[in-house]
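These notes open a run of structures that come right after.
Next, two complexes with subunit A in common: one pairs it with subunit B, the other with subunit C.
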Partner chain A sequence: MTDPIHSGPETMMGAVANDIAGEAVERQEEAAAEASAVLDKPHSLGSDAWWQMRRRPMFWFSAGLIALFILMAVWPSLFTNGDPRYCDLTQARHKPSWEHWFGTDIQGCDVYARTIHGARSSILVGVFCTAGVTVIGSIVGLLAGYFGRWLDVVLSRVGEIFFAIPTLLGGIVILYSFPSRPGTPYAIVVGKVVIAITLLQWPTIARIMRASVLQVMPHEYVTAARGLGARPGRIIVSHILPNAVAGVIAVATINLGVYIALEATLSFLGIGLQPPAISWGIAISEASKMGFLTSAPHMLLFPSLFLSLTVLAFIMLGEVVRDALDPRLR
Partner chain B sequence: MAQTKHPARWSEPVEVGDVLLRVEGLKVEFRMREGVARAINGVSFDLAAGQSLAILGESGSGKSVTAQAIMGILDSPPGFVTAGRVLYRGVDLLTLPERERRKVRGAHIAMIFQDALSALNPVFPVGWQIAEMMRVHRGLNRSDAQEQAIRLMERVRIPAARQRARAYPHQFSGGMRQRVMIAMAIALDPVVLIADEPTTALDVTVQAQIMRLLQELQEERQMGLILITHDLGVVADVADRIIVMYAGGLVEEADVLDLYDRPAHPYSRGLLDSIPRLDQKGSDLPAIGGLPPNLLRLPTGCAFHPRCPVAQARCRVDPPPPRVELGPGRAAACHFVVPDADFGRSA
Partner chain C sequence: MIPVIIGATFILFVLVFALPGEPWQGRCGERECPTAYVEAFKREYNLDKPLLVQYALYLGKLVQGDLGVNFYNNHVIDELAVRYPTTVKLALIAILVEVVIGIAAGLMAGINKGRFLDSLVVVSTLVVVSIPVFVIGSVAQWSVLKLDLNDIFPVTATQGTLKQLILPGFVLGSLSVAYVARLTRTNLVENLRADYVRTARAKGLTTGRVIGIHTLRNSLIPVITFIGYDFGSLMGGAIVTERIFNINGIGGFIFRSINQRDGVSVVGAVTVLVLIYLLANLVVDVLYGVLDPRISRD
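So, the complex of A and B:
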């Protein structure tokens, strides 16, 4: 009898080039050819994803933008010599010029300097809120989805309670209860805003994570992992999390902009960051006041533009990361 | 690493013929809102080292649930083992704490699943997944584990294994995926291998290759192999013994050739008759009429009586004796079973 491994009718379909089986001798060559294309691929999962990402222009574009904004947040003096707190009322509401690239605001402060210096607060709030919400939401969602039963009931109800509180109202209550005074250190002022937003927003991510986990759980690879002796911790880390994380990444990166905007709203109401603190949110709030939109549109335009670019960069990065973590999309 | 409480004899080498697995009076039920479904009603069998045992049955006959109960991966709730023992080399697995039981899975008893596409994690390269078994259970470092994984992939005859180790499950064909699954299952040198419909999702030509591979590995390692299938054709070459299940009960137990020659239970007979044969071209294929029973409402008496061609009045009332011995290693659960029974079959 001939070896069945190396016999049997084989029809090669060019269209199914992906499905190189190598179950016949003819296919083996093709398998080797395709395989040699991935031969140079680095080993571990992380470097596999990295190898995937760095081929995409979108990754470099978004990473470049984010690096630029982070640089701006850390060393604003690299970008401007102007003092954002030096304001000359006689120069108020000037249009962009050589002297003031982005014009001046209602107080006569330089909008360019304020926009550059505002990056720090906005990015701190955006990044820390996103990190906090994602971490807390993912952990709660994973636990609720994986262990289910009473834990799911408890966690889901607690999440719903927070979900039911309007973020703005909740934010006002929390920040009003713990007011900042003019002497309060900067880190604490920002920290309070971050904590308030994180506390009120984590259920969004928890719900998405829980739904994804419930979707992943019935897959046979989860049962197979149990059948081959994996511990619950390993099943969660190796099998459930990597397959459930895509939705969370997508929503979290989009929400980064929402958090910056929330900070702006709270600041506008006088309870978030307060002048003399500088942030894009405060600048946008100031500029949106009655009448300025027509008389001094540059006051709104530049901080909004920077905010939009930041959000865009994070969304694009999130998309690239998500794609890199899902081999089926390659 | 926690001190293992496993009996010392588990680390001793297995001799051919040792009883590895003894299932005694296993009962499993699923408690659902609609009622209690009795998925397994007292199943007993032995598995020896070097032996291949096929569990044959239709969907819902309890064959997969039996495997899950042995492995301890029943979804619970709703599934509960309500009676019986599962002795692995003398130790009842059902009474072991979950921590201890986990150490049995993979390292002592491993399982192959039906659909290897869904049984492999889509986001990791297959080599990584095989290597993970070795890293977690054997404590190998990354590169050693990867080398072992490649060796295993070569062993299950995946061409260009070194390169293919870095490919993802969706880049493999069905047969190759099943080979990967097998490589994962044998990674820790299990003593017992349970294959749950390993070839159902595959082409007929590939089925034969996979069965041959399983047989080879079983002979090479003297594993006990449990082969769960609904396809009589698949088991003929590989299995030594067959047990036939119907509606959660064991209806017949026999050596494979005996069963093919002289099926003792009317249900086994019906299964054999419904295999298409070349010499019967043109005539209607005999089929077992009716549907498998609803496990929530099992028929009274013999569960098979509504579909049985030889059923009598007492079959509706009296449950059949669970084991009518028909000679060495042969038994069936039927009121009317006699050795060499003919059941009116025309030759």
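So, the complex of A and C:
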């Protein structure tokens, strides 16, 4: 039954709304309508975001790439039987062939095997830095935002100071003060890079978390929880954190890619990971020496391609996650 | 901002000199430092005094431009004084690239929002952001050599002439070009929705005038501040670029000092770069209030 009195204003409003907000909102509304048709039960932000992401080819592309690189990091023998540390000097700087898919480097090592095995360092550094930065940054942000007053002042000022030091420069100073030598165990070499990046990067997440907490705090459910006598710990963990974490997740994903690039840059400068550790940054550093650029470009191109694709995949995934979690940004 | 500068130098100082471990480690090449050197080092940096006194004395030296003496018995500040014109030239070329290409790309994308050109800019900036600068630099060198363009864009810049610095400038600016393009686009799109733009259109102004005079001018305020901040970080990015193109600027000096394990030079030069970065931020903060009177300095 069409009732002109009731249907009229609605369509009018719909038209006006569409005019104002344009096609993006229209698409969003369509998607929301579809979403509610698919998911009959009321859905959370998480499931809504998941539904949003699933529809985008960019999500599947980046998630697929990330899955591939993680598999490479965990289980390199799945991709190559070659020993990345077996080098034959008589085979140095060979062009790509059936035997060596990506050719061989200056020492005669198989570039394919070394590129596959290089994934582990990058993924390890990326994951641990993200974990460290997210945990420290979130705790600081939550404390500063929730308790406010002098704690907020102190934590924010300290954060500002760390934030003011450019990460590449600070990383050089830290890693220079605690140098790794060829004999240093792999875990410690990686650990130093992780600590250096984490130490300089936590304020980014702390700022975002603090801002979200301040947004969540005035809501009634927080007041209600406090009125019912919940302790601060409980309010933070079960009411504030779940509602404030969305922005942090998106930025943390993008930053994972940024940390991988940072590690590679430090390794490229000869101050991050050190040989015998296998890393794309070290490989590119070797390959970019003037004499090898023209005679063995494969040494440069393959590790560069893998590195760039990894960084791209995480940044893309982060952008998709951000769009899905925060529809206002679209 | 001043407390931040003091705090940042304090952190650098603690990281280098005051943490457990031996700060002279790695300053004597690949061997243990002789006792005489350790003693001299302790005396020079007052490591036997309380932490805050140590820091105050260090800061006093820093203010006077005393960054210590390196392996070759040269004052680090003199080494930097010789090299800074090259790095500043490089950074200025990079900023020019950012301004011209970045704003043009952002402008085209913003005007054509949602169309092909816009998507092209958005996707290509994403790709550029994802490729680390040293990969862009090395691949640029390789392509130039491959295409035999070495006479037009030299791939090494040992003398640091303007012609030699063009390719490195592009490489150094590449990441920021992407940010400038995105920033311009976002702000333009936002401002094009503003009431004063509608008023300008309603008055019958041409599209060129509406965008060029009214919208772009307002959209560029955040872009200009970004570029100001970026000048400082370009000085840091120069370490990578100058290493790739073998440029004898501050960045190249830091890279060579890292490889020669010349600690006094590394720490001194990096501290100066951090200070330049912080001072650039300070200047931008002040300028921001001048450019956009709505932002009060509180």
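The rule we apply is simple: the second predicted complex is superposed on the first by the 190 of 330 C-alpha atoms of A that agree within 3 Å, B and C clash if a C-alpha of one lies under 4 Å from a C-alpha of the other, contacts with A are read in each partner's own complex, and residues count from 1 in each chain.
As a convention for this text, a contact is a pair of C-beta atoms (placed from the backbone, for glycine too) under 8 Å apart; a residue touches a chain by one contact, two chains touch by 3 or more.
Predicted model only: the values in this text are computed from it and were never measured.
S.K.: For A:Y176, decide between first (touching subunit B), second (touching subunit C), both and neither.
M.R.: After superposition on chain A, A:Y176 lies in contact with subunit C alone.
S.K.: Could you look at A:A287 and tell me whether it touches subunit B, subunit C, both or neither (first, second, both, neither)?
M.R.: second
S.K.: Determine, under the contact definition given at the top, whether A:I165 touches first (subunit B), second (subunit C), both, or neither.
M.R.: Only subunit C is touched by A:I165; subunit B is not.
S.K.: Using the touch definition from the top, say if A:K192 reaches subunit B (first), subunit C (second), both or neither.
M.R.: Neither subunit B nor subunit C is touched by A:K192.
S.K.: Can you list the residues of subunit A that meet both subunit B and subunit C?
M.R.: In subunit A, positions 23 sit in both the subunit B and subunit C interfaces.
S.K.: Sort out for me which residues of subunit C touch subunit A in the complex.
M.R.: Against subunit A, the touching part of subunit C is residues 3-5, 7-8, 10-12, 15-16, 19, 21, 23, 25-26, 30, 114, 126-127, 129-135, 137-139, 141-142, 145-146, 155-156, 232-233, 236-237, 239-240, 243-244, 246, 254-255, 258-259, 261, 263, 266-267, 270-271, 273-274, 277-278, 281.
S.K.: Considering only the defined contacts, which subunit B positions touch subunit A in the complex?
M.R.: Going through subunit B, the ones touching subunit A are 71, 73, 102-107, 110-111, 113-115, 118-125, 128, 132-133, 136-137, 142, 146, 157-160, 163-164, 166-168, 170-173, 175-176, 181, 184-185, 188, 205-206, 208-209, 212.
S.K.: Name, in rising order, each residue of subunit A that touches subunit C in their complex.
M.R.: 23, 157-158, 160-162, 164-166, 168-170, 172-174, 176-179, 181, 257, 261, 264-265, 268-271, 284-285, 287-288, 290, 293-294, 297, 300-301, 304, 307-308, 311-312, 315-316, 319
S.K.: Which of the residues in subunit A come into contact with subunit B in the complex?
M.R.: Touch residues, subunit A against subunit B: 4-5, 8-9, 18-23, 27-28, 31-32, 35-36, 38-39, 41, 43-45, 48, 219-221, 223-231, 234, 238-239, 242-243, 325-328.
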